[in-house]
Each structure stands twice: as C-alpha cells, then as structure tokens.
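What follows is a set of structures for review.
Shared chain: chain A. Partners: chain B in the first complex, chain C in the second.
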Partner chain A sequence: MSETRTRDRALKGGGLLALIVILIAFPKVFTNPAITNYGVFAMIYVTVVCAWHLFSGNTGYISLGQAVFYGSGAYAMGIAARDWHVTGTAVFALLPLCAAVGAALAVPLGLVALRVRRHTFIVITIAFFFIFQLMAYNLNGFTGGSSGLDSPFLTWPESGYNTPFYYIALACAAGTVAIAWLIRRSRFGLQLRAIRDDEDRARGLGVRAMRVKLSAFVISGAITATIGAVWFYYINQVEPNTGFNPLFDLTIVLMAFLGGYGSIAGAVLGALIIEPLTLWLNTQPQLGGGSLNEILLGVIFLIVVLFLPRGIIPTGGEWITKIRTRGRPAVVPATTMGTPAAAGSGTATSVGSGGAR
Partner chain B sequence: MTQEITRAIIDGILVGGVYALMAVGLTLIFGVLDIINIAQGVLVILGAYLSYSLSTKAHIDLFVGLLITVPAMFVIGVVIHWAFIRRLRGTERTSMTLLVTYAVALIIEGILYKVYGADNVSLNASYTTSSLHVFGFYLPWIFIYGFILAVVLVLAIYALLYRTRFGRSVRATMQDETAARLVGIDVNRVAALTFGIGVAVTAVGGMLYGATNSFNPNSGYDLISRLLAIIILGGLGSVGGALAAAVFMITLESVVTIWQPTWAVAVFYAALVLVLLIRPTGFFGRKAVRAQ
Partner chain C sequence: MTVLLRTDGIKKAYGGVQALDGATVSVEEGTVAGLIGPNGSGKTTLFNVITGYERPDEGQVYFGDKAITNYAPDKVFAAGIGRTFQLTRIFPRLTVIENMLIAAQAKDRPRGLTSWFSKDAWTHHRKHAMDLLEFVGIERHAHVLSGSLSYGQRKLLELAYVLVADPQVILLDEPAGGVNPTLINHIADRIRELNSQGKTFLIVEHNMEFVMGLCTTITVLESGAVAASGAPDIIRTDKRVLDAYLGADLEEDANDQPEQ
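Up next is the complex of A and B:
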C-alpha cells in the first residue's frame, strides 16, 4: 500500500518535472513564430480554463460569462495604457490593476448571479456577457466603440516577439494551476465541492455558501482578467466582438469537458488539445474560411459529449485500471494516473479509489 | 410623444406575440426535458431560410410554405432529440445538454453559411411592404398577420396542453417525471414529441422573423439570448409566464428605443437582472422547480 503510494508519488513528480522542462524548452526548440504562436495561445487557454475550473468545476455553477472578465481585463489594460500614456514593457506593471478590475467586477456580478442556480445562473451569466459587449460597443469615448483599442507599441524585435509572451503566459498558466491545486487541497476547496454536490446540505452543515461561492468567482474573475490583458497585448488590439466573444465561453466549457470536468489535469489537457486544433483549422483555407471548421468544432463537441461524457482523464483512467486489473474488479487502488479523485463526480468513477483513503 | 409611445407599444405587442410563440417552444422543452435548447435561435433562422428557399426558388407564398416547413422542423426536432438529447444522463446532464444543443447550433450555423453565405437576406411578399392605415398609424400587414397567426398557434398549444390526453401526459411529465412514468406515461415519447413541437414553432417564428428583419446565419445568437431572457423572466417551464414576459420585454425594448436606440437591448437584460434580484424564480416560476 505505502509502496505503491511512494511509487505513485515518484512517477507523478517525475512526470511533472518532465512536463515543466518541456514547457520551458518549447520556444528554444521551436523558434518558428507560427509554432510559438500556438504555444502562447495554448498557455493563455490553459490559464483561462483552469480559472473556469476554479469556480465552475468546483462549484458546479457553469459560468458562460467568463468573457466578461477576459474582455474587461483587455479593455482595462488598453484604457489605462492609453489614458496614462504607458508604453513599452512598463505596461506589464498594469497587470495587477487588470486583476483588480476583474475581481472588482466579479463581486457585484457574483452577488446578483449566485442567488440563482443551474440553468438560471447560466442564463444570467450570458446576460451579463451581452451587457458588457454592448457597453464595449456603445461607450465610444471610453472603449473606442466598434473599432476597439490598439495596444501600446512594444519595441521587441520581430523575430523573437512571441517568446517573452510565451513565458508570461506560461507563468500565468503555472500560477493558475498552482492556485487551483492549492484550493483543491484546502478546506475552501472542500467547501466548494460540497456546494457542488448538495448546496442545501452543505449550507446545513455550516458552509457559508454565498461567501465561499463568491470568493471562488472573484479569484476566477481576477485570473481571467489578467490573462485577458496579456492576450490583448499579444494580439495588439481588442474589439468588442473579440474581447467579448460568445464562442470564447463555449470553447472553455468544451475544453474543460473534453479533458474531464472537475479535474485540473482535465482542464489543462482540454486546453492543450482544443486550442492548437482550432488554430490549425483556422489556417486551413480549403476548409472554406470558417464555416466548415465551425461544423467540425460542433462535431467534436458532440463526439465528446456522447462518447466521452466524463472527459478524457476520467475515462482514460478507467481504461488503464481495466487493463491493469485485466477486467477483474480492482481490490486495491490500481492506478498511477489515478481514477479521478479530482473529478469526484459520481460514484461510478471510484472503482479503484474506494480503498485508497 | 404620446403618439410615438402608443406606436411603440403597439409594435411591441405585435412583435412580442411572435417572440411569445418562439419562447413557448423553448419553455415547453425546458419544462418537460429539463434542458435549455441553445439551438432554438439557430433553428428559428433555419426556419427563416427554409421559407426563403421555398419563396424564392419554388415561389410558394410564405404562409402557405409553413405547411411544408412546420412538419419539416418538427421532424428535425424529433431527430435531434432521438440522436443526441435522449442519450444524456447523469449528474452533469444540465451542462451536457447545453453543450449538445450548442454543438447542434454550431453545426446548423456552419451549414447555413455553406449553403446561403454570410449576406443578409430578408423574406419578401406583397404584405411585407404594404401597411394597414388605422387611427393614424401605419401597421405593416405582416405584423398583423404574424400576430394573429402567433396568437392562434399559442392558443392551439394551450388547447393541446389542457384539453387533450397527450397534453395531460405532458403536464404530468413536467410536474414529476418519475410519477408520470409510474402511472404509465411513456415519458420518452412525450419528450420526443414535445421537443418536436418546441422546434416546429420555430418554423413559424422564423418565417415571421425573416419577414420583419433581415437575417444571416449568425442572427441566431441575438435571438437565443432574448428568448432565454424571456423564459427566465417568465419563470422556466411556465407557458403563461413566457407569453407575458415576451410581450412585456419586447414592448419595453420598443418603448426605450424611442429615446435610446443603442441601449434598448441593454435595458432588456438589465430588466432581467432586476426582476431576478427581487424574484429569483421569475414572474410565474414555480418555487425551487427541482432540487439541485
């Protein structure tokens, strides 16, 4: 028992170390900007999906309004840089401000939206999203209207332009994963998952549901706003329909569900698969400039939901368990990948992990 | 000024009737299946394009064309339910159904782009351009015909729900699925037919929408966000609530447009947020429909 555990730990630690080395070495190995571009976007989405997971994955409140924070972060940076005449690398000093804007927005929005549950919550977040998009369009003097904002000029050489952004995004991604992991292990994380499983019962057991939910929402909003600002600086401009993009929210949810809803590894994996894939699809002219890749995205969605309803990580974990136990019911916890303790969703998952704790 | 406001209110009620019809489909689907059909907006646009094809290619009158498009959309609805919706079970069903219906919406939108392109089109007929002159107002005939048709159909749905055996099983399923199953109702059949009916009304909604607005494959998002706001405001699963909320919201929007055309849409969502602050279940929502 303890031996397997130590071995598990060693394997996990080694895997993590290898992953970190690969991620850090990535732009050194692939110097082609077209490739590093994939890397930057992948890291941005890892951050975003992890931030989504922090709130939605833990509490079960599916937010389709993350673009509110993403766009607000981008606009906050653009407006601050424009009005205070900040240029060059000094702009990155504005990132904490963007995080603060995200957090400050999340408080009132959360106070309103978190009063309702399930479908109604989802729709309220969509409503917020549209209100913000409309504000971006119509507050001309403030947001630049439909032409949006340009980012302050950055005097980095053209050739290695992507690399610093890659490391910034990587740092954000790593930080978010670390925060998500710490929360998962904490009392706070336990309270969040208690809310997901049965909010009324959790409340009855003394969880201050509103406070806990709102905290998670605020953390998630702050992170999303920060990475939104980075994204804005990276692509050099933001428009109302790119900053506040309805597809953005659904892509996040798709990524989370593809990887494995409710697990951090799932969120990361989903982002790493879907984002490069969509970027690549967008560069394929024979796919008819957008309409066909929209259909493809829809088909992927359907395949995921119908055939991998719990995502790659949980289902994959089960397969591994099945292979290792050769179809016999597992008596001892038999997984290295782990039947998803993180997923924790549904009792059927915990075939192998039942005896572990 | 009074003139303008009266005009806006009349418009709001006439257009609201059409939205009510589309919203009733959405709220019925929610009531019976406990899912939100994100594809409803795109399905409306699909209905509009079907009418467009029939009227431009085959020169069939828009209203006559409904005899073809309504059954077609009904079949599409039943197929969507059979192929995707009915397979979903388990704890994450709420989010899963959202994803599935959204995926369906994406696929339909993509196909519409492929077939019809991204240009705005609108449906034309003699009655979309001529108006009825009454009490100093010019009311386009299409608004009036559309309103009458919408009212008739909503009444028909009401009659179906409250005067037939099928309607009784639908309402029973809405109240308690397990109990409905226990008394011998074929819940799957009820769900499939309800989904079909909910989608079939989009054929009518789409034709009327297309005849009063120009549209492209992307128009579905605007529609679905309004429809969602309407059914939430009315109380999820409440047919009467959807009617009241549709007329209320569209009238409100149309009145606000007089002063603030750019912000009228925001008022729509702001009203939703305000009402939910006071009444989290909407106007006519049942209290805590189902425990989480």
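Up next is the complex of A and C:
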C-alpha cells in the first residue's frame, strides 16, 4: 500500500516537473508568434479558471460575473496608465493596483450577492456584469465609452513580443494554481467545502460563513483583475464588450465543468483544451471563422452535460480505476454515490447531476 | 445545581401559526434533560431559536448568566452549545475525518493570515477527532467520504463532530429517530458516558423508552408552551401530559414522518 503510494507520489511529482519544464520551454521551442499567442491565452485562461475555481469550485456558488473583475482590472490599468502617464514596462508596476481594484470591488459585490444562494446568486452576478458593462459604455470621460481604451505602447520587437507576456501569464497561472492548492489543503479550504455541502450546518459548527465566502470571493476577484490587466496590455486595448464579455463567463464555467468541477487539475485542463481550440477555430475562415467557436462551445457544453457531467478528471479517474482493476472490486476510496437515504438537500447525487447545471 | 441553559418566554410565530408561545425551559448543569411534546408543539423551533437559526419574536435565551438571544449560529456554537439535527446533516462530499475537523476550528480559532492557509494549524485536532470517532465506533470509516455512510453511521458522525469542539451543552434532535434498537442503546450509552464526564444534554425525542430511561428531568411542550416539567416518574403519571401527548397523539406519532 505505502509502496504504491510512494510510487504514485513519485509519478505525480515527475509529471508536475515535466509539465513545468514543458511550459517554461514552450516559447523557446515554438517561436512563431501565432503559436506563442496560443500559449499566452492558454495561460491567461488557466489563471482565470483557477481563480473561478477558488471561489465557485470550492463553495458551490457559481459566479457568472467574473468578467466584472476581468474588465475592471483591464480598465484600472488603462485608466491609471492614461491619467498618470505611465508608459513602457513601468505599466506592469500597476498590476498590484489592479489586484487591489478587483479586491475592493469584490467586497461590496460579495456582501450583496453572497446573502443569497444558488440560482439567485447566479442571477445577481449576471446583473453585476451588465451593470459594469453599461458603466463602461456610458462613463465616457472615465472609460472612453464605446471605443474603449488603448494601452500604452510597448517598444518590444515584433518577433519576441509575445514571450514576456507568456512568462508573465505563466507566472500568474502558476501562482494561482499554487494559491488554489494551498487553500485546498488548509482549514480555510475545508470551511469553503463545508459551505458547499451544507452552509447552514457549517455555521452551526462555528464556521463564519459570510467571512469565509467573502474572503474567497475577494481573492478570486483580485486574481481575475490582475490577469485582466495583463490581457489588456497584451491585446493593447479594451472595449466594453471585450472587457465585460458575457461569453467570457460562460467560457470559464464551461472550461471548469469540462475539466472537472471542483478540482484544480480540472480547471487547468479545461482551460488548456478549450482556449487553444477556440483560438484555432477563429483562424479557420473556411470553417466560418469567429461564429463557429461559439457554436462549438455550445456543442461541448452539451457533450459535457450528457456524457461527462462530472468532467474529465473525475470521470477519467474512474475509467482508469476500472481499467486497472478490470472490473474486480478494488480498494477504492468510497465514491460520492452515497446511500439514497441521504438526507435532504444537495447531497451525494448533486456531484453527478449538479455538475453542469 | 446551577441552571446552564435557559429560555425565557420565547415567542415565535410563522404567519398565523404560533409555534412558540412563551416557552420557558431551563436545563441544569450536568443533567440530561428531555423535551417532549406532540408534533408541532415547537420543540425543533425552540432548538432553532436557542442555536441562532431562528430569531424569536419575544423572549430571551440565557447561557449561564449571559443572554445569547439572536446570536448567529456560529457564535452560539463558539459559546459552547452544540446541536444535531432531526434529519442528520453531514457534509457528504467531505471525508468523515474532514467532517470532524470543521468543528475543531471553533474550539481554538487560529489567529493571523498564515494560519488560514496552514495545514498544521489543525492537524493536532486530528488525534482528538480520531479518538471521538473511536468513541462512537466509526473510526474505521475515517477516510471514507461521509456521503457513503449509512443513516445510523451518519447519526453517530453528527454526534461525534459536535463533540469535537467540546461544547458544554449538547442539543440532540431525535437522536434515536430512524435507527435500529441496538444502535439506540449504543447512542444512549454514549450519552450516559458523556454525561458522566460532565456534559449537559437537552434531548428532543419521541421514543418514550429512550427518554424515560435516559433523562433526569423532562419538560413537556404543548402548543409552544410548557405543559409540565419534572422527573420522568412524575411526567409519566401526569394527567395533563397523558392527555396532551401520551394519550391522544401517541398513535399519530408512531406513524409520523420527521418534520421540516
């Protein structure tokens, strides 16, 4: 038993190390800007989905308003750079400010939205999203209105332009995964997951639910705003409908569900699959260009709901166990398929059916 | 004997239904107190008021000398009052040991940001948690997802995780409901043993044998107010109690489903 555990650990450690080496080497091997562009966006989305997971994956509160933070981070950087005349690489020094803006927004939004649960919470996050998009359109002097903001000019050479952005996004992604992992194994993470399973019961066991939820929401918002700012500087502009993009939120949720709702590896995997795929489809004019990827997202969503309701990581794990044991009863940790006697609310089965809803 | 937990004239109405109508109940330190009454007499509502899940329209809740009326549930728990629910509520997607550790943090809350992210801050609770799982007899399931436990095991887990934080008073809502006779005896034994270690209990239960055998004092609620209170022998023979509870509603109670 302990031998296999050590071997599993060694395998996991080796895999992680290999992944890190591959990710660091990626822009050195593929120098074509068209390819490194995929890398930058993939890392941006790994960060975003992990940040979403940190709050929504752990607490079960599905946020469809992450674009509020993403767009606000982008606008914060654009406005600060414009008004304070920051240019060049010095603009990156504004990233902590963007994180602070995300965190500062998350506090009042969280205090309102986190008073309600489930569907109502989702609806309120969507409402926040539209409020922010409308503000971006209408606060002309501040946000540049419908034409948006341009980022300060970077004098980096065309050929290697993507590489620094790739490493910045990679650092954000790695940092976010690390934070998510630390939270997962901490008492804070346990409290979040207790809230997911039964919030009222958790309160009765001394969990200060609002404070705990809000903390996760703030951390998630700060990270999302930071990476939103990086994205803004990378693509050189932000407009109300790109910074505050409804598809952004749906894409995040889809990525998380495809990879495996509630798991960090699932969040990373979902982002790594979907983002490059949609980018690639965008560059295929014979396939209908931009509109096709939206249809594709819908199709993937259907497939997830029908065949992978729990996502690739949990379902794939089960398949591997099945193949390894060839149908023999294995010594597997009990699955979440509890007894049907399970009392009341979102218990055992919600893992399966609740996943993609 | 000092009174440890006391409700004073609690009133609570839901729309036109007066669930509690001046309920005054006191629990002395070190006793096992029983709370009985027909369905809809307000037993669970009283539990909810005491533990902060419901706000009373009127009246006060005292824990020792301190008024804890309208405390939030987490504050009530931190003050030293733990409870279980009529329909057991565990955290199905957490392992049994993780269920235990949730409550552990209320006992000695860590300070500082780093403790939030540190794993070690609560590993020392693990031993205590394992001991308690052994105490109720489900220690070999410690690393299984609690959603896969049977109903009886869930009842035991719920009792165990309330104990982790070492509350002074434990409110049990139908601990014997829906479990087999062997397990009922097991649960009664555990309660007796905890009581001998100084824990105070307030128990809502329909199983008369269980209540009469375990409780030192019994309070009878009827229509949200106390109809009678005293030692089991007195309650057993009290005319009003027989009328209000043991008589007319006995048959109905035997068949009923849990509320909520």
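Rule of thumb we're sticking to: the second predicted complex is superposed on the first by the 329 of 357 C-alpha atoms of A that agree within 3 Å, B and C clash if a C-alpha of one lies under 4 Å from a C-alpha of the other, contacts with A are read in each partner's own complex, and residues count from 1 in each chain.
Convention: a residue touches a chain if its C-beta (ideal position, glycine included) is under 8 Å from a C-beta of that chain, and two chains touch if they have at least 3 such contacts.
As the structure is a computational prediction, the values presented were derived from the model and not from experiment.
Visitor: Look at A:Arg185 in the shared chain and tell me whether it touches chain B only, chain C only, both, or neither; answer first, second, both or neither.
Guide: Only chain C; A:Arg185 stays clear of chain B.
Visitor: Can A:Ala209 be said to touch chain B (first), chain C (second), both, or neither?
Guide: Only chain C; A:Ala209 stays clear of chain B.
Visitor: Kindly classify A:Asp200 by the partners it touches after superposition: chain B alone (first), chain C alone (second), both, or neither?
Guide: Touch partners of A:Asp200: chain B and chain C.
Visitor: Looking at the overlay, does A:Ile126 come into contact with chain B only (first), chain C only (second), both, or neither?
Guide: first
Visitor: On the A-aligned overlay, A:Leu114 touches which partner chain: chain B = first, chain C = second, or both, or neither?
Guide: neither
Visitor: Taking the superposition as given, does A:Leu149 touch the first partner, chain B, the second, chain C, both, or neither?
Guide: neither
Visitor: Looking at the overlay, what does A:Met135 touch: chain B (first), chain C (second), both, or neither?
Guide: first
Visitor: Counting touched residues of chain A, say whether chain B or chain C comes out ahead.
Guide: Chain A has more residues touched by B than by the other partner.
Visitor: Shared contact residues on chain A for chain B and chain C?
Guide: 198, 200
Visitor: Under the definition above, what is the set of chain B residues touching chain A in their complex?
Guide: For this pair, the touching residues of chain B are 30, 36, 84, 87-88, 90-92, 94-96, 98-100, 102-107, 109-111, 113-114, 221, 225, 228-229, 232, 236, 262-263, 265-266, 269-270, 272-273, 276-277, 280, 291-292.
Visitor: Could you pull out which chain C residues touch chain A in their complex?
Guide: 51-53, 72-74, 76-78, 82-83, 85, 87-95, 98, 101-103, 105-106, 110, 115-119, 121-122, 143-145, 147-151, 154, 161-162, 165, 260
Visitor: Which stretch or stretches of chain A touch chain C in the complex?
Guide: Residues 182-183, 185-188, 190-191, 193-194, 196-198, 200-209, 215, 333-339, 341-344, 347-348, 351 of chain A touch chain C in their complex.
Visitor: What part of chain A is in contact with chain B in the complex they form?
Guide: Within the complex, chain A contacts chain B at residues 60, 62, 112, 115-120, 122-124, 126-128, 130-131, 134-135, 137-138, 198-200, 246, 250, 253-254, 257, 261, 288, 290-295, 297-299, 301-302, 304-306, 309-310, 345-346.
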